[in-house]
């Protein structure tokens, strides 16, 4: 068991982490927005944590807060990502479809190049020697951070989907103009979805910097954008479990294929193709199709209050 | 800015931009017809260059299953003569077109048939790209390959002229790339804008269902599109390879991001847009002052961001007018 | 046709509403009043500008000039969701349901402006009562249009006529004061059109609405409407009670065609 | 000319058309009526090969067309003016009409026919270079019908052609239907304005919940109590 | 848990991904060492084996590879990973598990400081950069103005260019322009025309093979006639297909030279040439050295106490201790380590490229 954890513990953590990142894309998706900005906010969160945890400027704060410092990095990362999300989201969300996707990729790319050029982010080398939180000895212990976060986010998402806000998101996804005409303010909810995703990605980033012991500009790239999109699509973009399953699976597959040596990534590519061919609604979509959708139940009638 | 410097920057911009443009032509073609972003385009582009290399040189380095192979012990029939090189390039491009057709058949068509989200094509094409890139690496290694330096005959490597007492220079290969991309643009523009085939393609692009209701064989047109796109990609791969070397299996994939930026900036689905977008981004990069060269990509993407905010449909894209 | 005794108060005032598309003036200097509780018909040849007028009234298309006021408040210049909040709701000529969502959800969504729950109260489940109300009302409205036994079906799977009914239910869910119907009978057969007439009246009475309706089916218009306005080439060529409009030679020539 | 035998069409688990058999003879106008959701559109879409039936067969001019692709159906002479119009929104009116004649190779004849359409629908003539997507609903309907005519079909499938049209234009459409029929075009018509359609057609089929309930000469059915009650608002 | 035989040494380099160009040379070097050293008796007569785990080009894959090597493959030590950024992420894993790591190509500052178990055979060759500039001045004493170009997204190039710039200034040269690029760039027209504008007589490049090669090519094609100095990233024949004949004359700072005269190297070079018909590249030599260092340290331990009798955990610790003590005659020349694990490499080299034809060339050792 211990051996298993030591070998695959890190993988398990990154599977959960990928699920969380997939979810961060899923929020704008719910409101019909194809945003690929998450790696930008993820990188921002990571840098925030890495800087706060290693930069001498914060030494005093670190000493006085102890492990609380880690919690503080999450909060600061959430705040910064939220603010930046607002700043980027308000103009960008006037765009639609691929145009929005590209604007968000542009954002990711700008973040990357800027962080390569700043000294506070350590340039090309990045920041290293990020300390471990809560006396963690092994990487698998990060599951104690990521798993609760995942459960929390899933709960949040489920509740939100069943609420008025969730319905507004879906309405915009289906037909923005009709939603507007039916009283849903599209800008408001699109920005809200985008910012929620940004905050989540930021927090995940802040938790991931200690996980990797280091942080650099390679963490938030176009490739990551596409990978996260694949998480959502392969998992299924119409159900909150989709990004989680997709992220976990796509993260695990190349590792499980290690035995194939040189053929590893060829097969990984084939898996992607086959999955997209045979799971047009994603994995979770396919599973849902098996289990039949339950017809909505009429609520027990109350005494009629007719006008 | 001095005139000579300005002219030089314009030339630099056009040179860089035409590489983006020629990559983007085939990319945008598939997008305009099927509305899918085909990430495998970069891989097909790469393949084009490798195919040409195989025809012209036929020997591989030390790191793949094909190591030590020599296809032409007596020298390749395509070597040593620019016309034969051009022929090899076209053959390779046709092969790349064939590969693109194969990709459509195996990776996209079944998906359409199942009514999948068109975004999923992005994942599927990503998978295809992964397969191709890693197969290349498996077969011939990650080495950098190149064509014989006399591929274009004994042309001078660069041309220069004087403005005042300053010299302005440009590489010959880049002039060739620029010209070829213009010719391809002209041809494609003619076919799509002026012919019945083009009209049918536009109908397929807009709504395949309706198109087939009008008697248009959607399937065939999609195949034609993929072939053309692969052909253009393959051609571009070879040309860019002669300019910069075939820098390993990822060499085409690296253009994917810029290529995407280019077609979106130019306006999705607009063929001239791909070229204009390429040149605009090239120019933007070229005009970044030397001291800020580190921020070249920031400038390109910031420009993209701003242009999109002002013109959400891209430079030459047509705004989708929705009648309510 | 209900004979109007005393004129009821004006709720909608359109003044000089104009919309140009390039060289084409789709709506040209149109002014009219709509009275509270009336069913006001809008007819005219194809391309006369009827739908465009609805778009101007609901904020989907900004007018080139002119204004619309609703109970003294200016409507033009507001975003569509603000217009909806004021109490104007509509259906679309080219049906625009949330196709992949269920009929029930379509109707629930439209109660957005009449409910309050924000992100956190939704997530923390603090808005149970409101949710229950939304749910109940959605079912009531589906009952009203006769679709409650298909509440869980995707709206896009409904046949054309049923989609129109669902759109009406969705528009009603915003609790409008003014209901704008763009060709509600299109795609219904003659028998159904007859039922639609009484349905619209019933809805008007039950929810205390003012109704504007665009329709090409002349018997329905004549039967249903208290007053009718006729547009031709963007201009208002006649307004009045159905009988007189039907006799107007300009209307016969442009729209009805001679027998 | 058209024989439908025991046709069944499903949407996933939903059976939209069940075991339907009907035929349209050469030179006939046949009307298909039925309530919302009866399966009329589904039937037409099966004939134009836009939908794949789960059972049954389709024959056209003696040839089995159950499995041919949709574009092939146009080539052998079947054209459809579809429900929801489906004009190509990003193409001009003129381009839409030209694409309607995609299967034809007589350039001059096509140009002539286009002018003829503009003559019949002056509205379209005024709007020839406007993008079809910005046309009014009724204008789009005219375009959809005109476009279907452009291929000079042997069999014309019209799905609610009067939908959204002003009375004056509805009359025009039915004039065209009669004229075309006199020139030899066979027509299968789906209409909600049942009376008008039955007056114009030779025979009528009544569909209910995906199945045939009555059929017969239009002139007879139009006076049938049950039909009168259910579809004519009598 | 006892050590299993044959003793397993882990190699975790980029076999896939976009740094595979480097990784595949490291694989060749390591394989060579395995074959060659085993043929010479392995570890005092018992052969050892290498276990490869692909580290890809990213941090996560390298961590996973390390976890596999340490826990599943039970290696005694690891040669890897390829990139410094990967090392910052993966090395702490080995440190925690007390498994010695030898970085074959991690040149960034701070690598050996990651921990006691982390050492490297790749010198952060700031030392050699000055020599290359001095060589250029020796060839052309009239050099006054220099242009410096570097890949801003490559950790090594960024630190190397710092040394280059300092040296240039120390030698009394003016740095007329500093241009940045990315290793993924291919078109350098803008940078080159900026350089040409300054009319410099020396160009110094820090980058990798493809971008460096393209820079050289484009400099020459656009008319630059002066000397070019290339950093250690350009010390690879992978550059030849890119700039072809135009590579000729470029002065290269080397951490490894086939011309290095030691017997260890000459045997290695000969064997490599026999098999691959060309000189061994630096990455191969460094990977070879990494494996060799492990093997030699294991030999010493084995002499004291048979390896098969060791507990794995103890052996790893002992190996790390022994490793840092020894002196090694590798193809890189004589190596030893300081107590942090930083390599002490005695010799660095400066060479000039001589192209025989468009494809084949060699690095001619200068001095």
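Letters are used for the chains, namely A, B, C, D and E, taken in the order the chains are written, and counting of residues starts over at 1 for each.
Keep this in mind: a contact is a pair of C-beta atoms (placed from the backbone, for glycine too) under 8 Å apart; a residue touches a chain by one contact, two chains touch by 3 or more.
Protein identities per chain, from UniProt: A, B = Branched-chain amino acid ABC transporter permease; C, D = ABC transporter ATP-binding protein.
Worth saying up front: this structure is predicted, and the values here are computed from it rather than measured.
*Asks:* Among all the other chains, which ones are in touch with both chain A and chain D?
*Replies:* The shared contacts of chain A and chain D, listed by label, come to B, C.
*Asks:* Based on which chains touch which, give the shortest step count from chain A to chain B.
*Replies:* 1
*Asks:* Compare the CA centroid of chain D with every other chain's and tell me the farthest one.
*Replies:* Taking each chain's C-alpha mean as its centre, the farthest from chain D is E.
*Asks:* Taking each chain's centre as the mean of its CA atoms, how far is chain B from chain C in angstrom?
*Replies:* Whole-Å distance between the two chain centres: 50.
*Asks:* If you average the Cα atoms of chain C and of chain D to get two centres, how far apart are those centres in Å?
*Replies:* Those two chain centres are 29 Å apart.
*Asks:* What whole-number Å value describes the gap between the mean CA coordinates of chain C and chain E?
*Replies:* About 74 Å separates the centre of chain C from that of chain E.
*Asks:* Roughly how many whole angstrom separate the Cα centroids of chain B and chain D?
*Replies:* 44
*Asks:* Considering chain C alone, which of its residues make contact with at least two other chains?
*Replies:* Residue numbers touching two or more other chains: 51, 60, 92-94, 96.
*Asks:* Counting only residues that touch at least two other chains, what does the list for chain D look like?
*Replies:* In chain D, the residues touching two or more other chains are 134-136.
*Asks:* Going by the touch rule set out above, which residues of chain B reach two or more other chains?
*Replies:* In chain B, 134, 294, 297, 322-324 touch at least two other chains.
*Asks:* Which residues of chain B touch chain A in the complex?
*Replies:* 37, 39, 106-107, 110-111, 114-117, 119-124, 126-135, 138, 256-257, 260-261, 264, 268, 294-295, 297-298, 301-302, 304-305, 308-309, 312-314, 322, 324
*Asks:* Which residues of chain D touch chain B in their complex?
*Replies:* So the residues of chain D touching chain B come out as 48, 50, 69-71, 73-75, 80, 82, 86-91, 95, 98-100, 102-103, 131, 133-136, 147, 151.
*Asks:* Sort out for me which residues of chain C touch chain D in the complex.
*Replies:* Touching chain D: residues 21, 44-48, 50-52, 93-94, 157-162, 183, 186-194, 216, 218, 254-257 of chain C.
*Asks:* Which residues of chain D touch chain C in their complex?
*Replies:* Interface residues on chain D, with respect to chain C: 11, 14, 33, 35-38, 41, 83-84, 123, 127, 134-139, 141-142, 160, 163-171, 192-195, 229-233.
*Asks:* State the interface residues of chain B toward chain D in the complex, per the touch definition above.
*Replies:* 196, 199-200, 202-203, 206-207, 209-219, 318, 320-323
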